[in-house]
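Comments concern the structure below.
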Amino acid sequence: MSVAPLTKSRLEAFSDGVIAIIITIMVLELKTPEGFDLAALMSLTHIFLLYVLSFVYVGIYWNNHHHLMHAVGRITGGVLWANLHLLFWLSLVPFTTRWMGESHLATLPVAVYGVSLLMPAIAYYILVRTLIAANGRDSAIAHVIGKDVKGVVSALIYALGIGLTFLSVWAGIACYVIVALVWLVPDRRIEHS
Amino acid sequence: MSVAPLTKSRLEAFSDGVIAIIITIMVLELKTPEGFDLAALMSLTHIFLLYVLSFVYVGIYWNNHHHLMHAVGRITGGVLWANLHLLFWLSLVPFTTRWMGESHLATLPVAVYGVSLLMPAIAYYILVRTLIAANGRDSAIAHVIGKDVKGVVSALIYALGIGLTFLSVWAGIACYVIVALVWLVPDRRIEHS
Amino acid sequence: MSVAPLTKSRLEAFSDGVIAIIITIMVLELKTPEGFDLAALMSLTHIFLLYVLSFVYVGIYWNNHHHLMHAVGRITGGVLWANLHLLFWLSLVPFTTRWMGESHLATLPVAVYGVSLLMPAIAYYILVRTLIAANGRDSAIAHVIGKDVKGVVSALIYALGIGLTFLSVWAGIACYVIVALVWLVPDRRIEHS
Amino acid sequence: MSVAPLTKSRLEAFSDGVIAIIITIMVLELKTPEGFDLAALMSLTHIFLLYVLSFVYVGIYWNNHHHLMHAVGRITGGVLWANLHLLFWLSLVPFTTRWMGESHLATLPVAVYGVSLLMPAIAYYILVRTLIAANGRDSAIAHVIGKDVKGVVSALIYALGIGLTFLSVWAGIACYVIVALVWLVPDRRIEHS
């Protein structure tokens, strides 16, 4: 148990590294416009907004991951894998962002983007459960996370957004933006502990 | 409060990761010249100088971020977001550098480069204010930063440079270089505390 | 000896950085499909599965590296180089993954992928031996690693897989997957110490 | 003075991040061969050897940086910039490696590669001098580094190699390889302190 802080710090360091790369890679994929005038710059508008959205989205995960790990005591082999599972799905966000941008918001790419937002939400939920299992139902983490209503509701709104995309792309995107706004507020349940 | 150093160290680690990637990504975007003779190498000169400028620029932010965090005690959820906001604008520097280089210093790309320098300056100012708000007006950070005249003046020179670009590209670039030189001197107000 | 933790933590931090980049670079190389319909998405299936396999594979090395370093006391110059040697071979995995994907599982690229899995296994073995040599035959690391049967068997299965590829590509891939599954279970010899 | 370890650890973390990216970026630039047979694979041989050389080269700098910082007590603003200066020149190694590879070892690119090896050597020398100036002529770092004959001799051999390249490309490359071999042995002056 005395070695736990070291293990935790390395888990955090690795997660920080992967998330830092994911969040920075996305700008690498911003292609410069063909021309050098205002029309060329304006042609980037929707790509830029998608970049902002994905940046915020990955930033939210970093913030929540930060708050979550802050409350954690014990790390197990299962936690390492649950964390890698979360990082795996996050690593796909630059790819789905790029495809959605290239498609100029075609139906399937927008739905797939939604899936790439839903899967980290599920993976985050699994990570929280794994952490509670590792630390016990009476631990600080179990106490402050509680039932994680916010996480479950987010996943449901993502699923709704994916479905709505097939009716209207903008309805889907509206759902994604709503969840981002909900999470922009840091998880005060943990911060106040 | 006793956990603050951990939170702060993770904020620093994540920022270090993102800034390290931003500063290194730019060289990835240096395209090798078409030929292998001196003329081919010389054709890279202005691109190389832009790379040096942006490297110095991002390096300045790392140095100042380093000095700033050194004086900080308390981190809040608002600080995390103010910091991500700064990283967001910094992450656009490789993109604007590339576009400016591709345009061979056309007016709009040089002005947009100036905007990509101005926005981190504003974001840095917001971060400083958020840190002072979190640590109190009597804290070490409030004391050593003071009115941050240097930051405000820098932002004004950037704004001037953006405007001047539309008269003369070189006047705009001169403004950008002047601010870089001003910041190359580390913020002794913090270092000496 | 009292400075060892610092040296070790920097070795871990550097390894975390390199492995984080390797694992994240692979998704950068996922090319978006030509179209935006289901057929286009489906055309990515085998590339996606290869990405999952390589992600898991690099993740396994991170996990095992994490467990291994946890049990280590003393770091020498030889350990630094043995560790860089491991990172070198891991850094080739994104390249061999990409070539295998581009070839639609042609014989030679699948065999070369196997080589890029075998070499880190050998490098990991060398790292373990170097660590035991640095820490002494009576050290914790020597005790918990023991004869490292799992590592030797893995290398043998990889070598078998490389050979089988020339008979059947799928037989080779089956071998690679088997080793991945074997290592997915964290090395309990170290975890339980 | 009591805060020095923190400053130093952040300097190390940032340097680790940049060097980890530089060393890993190079493999991103390994282009997969056109075909999927042995001839295609063999066509990569000289590119692969250049990659190995540059990997070893950047690895040497990480190792020496690691040993150097280990002996350091005090960090100043000047040290931060001397360190960024070293990282700047190292960041160009992937670029010069790529150009040299594309040129199939043409004279000028091989000479420029030599320059990209010489400049970090000079920058490393400046970093050592800056560290000694910051820590005093009686400090541990001044004592263990001494006159840094190895660094000076390396720079001279690089300069020789750059010149020889214009007579024979292979003579230049031989000089670069010799310096790499010299540095492969970790700096025992520091390690033994």
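Things worth noting here:
Each chain gets a letter, A, B, C and D, in the order it is written, and its residues are counted from 1.
Here is the rule we go by: contacts are C-beta pairs under 8 Å (C-beta built on N, C-alpha and C of every residue); 3 or more make two chains touch, one makes a residue touch a chain.
Treat the numbers as computed from the prediction; the structure is a model and nothing was measured.
Distance between Cα centroids is largest for the pairing of chain A with D.
Mostly differing positions are employed by chain A and chain B in their mutual contact, as under half of the interface residue numbers are shared between these two copies. Work out the mean CA point of chain A and of chain C, and you get 26 Å between them. Rounded to a whole number, the gap between the C-alpha centres of chain B and chain C is 37 angstrom.
Residue positions of chain D touching 2 or more other chains, listed in rising order: 13, 17, 20-21, 25, 28.
Listing the residues of chain B that touch chain A in their complex gives 3, 6-7, 10-11, 13-14, 17-18, 20-22, 25, 28-29, 76-77, 80-81, 84, 87-88, 91-92, 94-95, 98-99, 102-103, 106-109, 112. Residues of chain D touching chain C in their complex: 12-13, 16-17, 19-21, 23-25, 27-28, 30, 32-33, 36-38, 41, 52, 55, 59, 62-63, 66-67, 70, 184-186, 188, 191.
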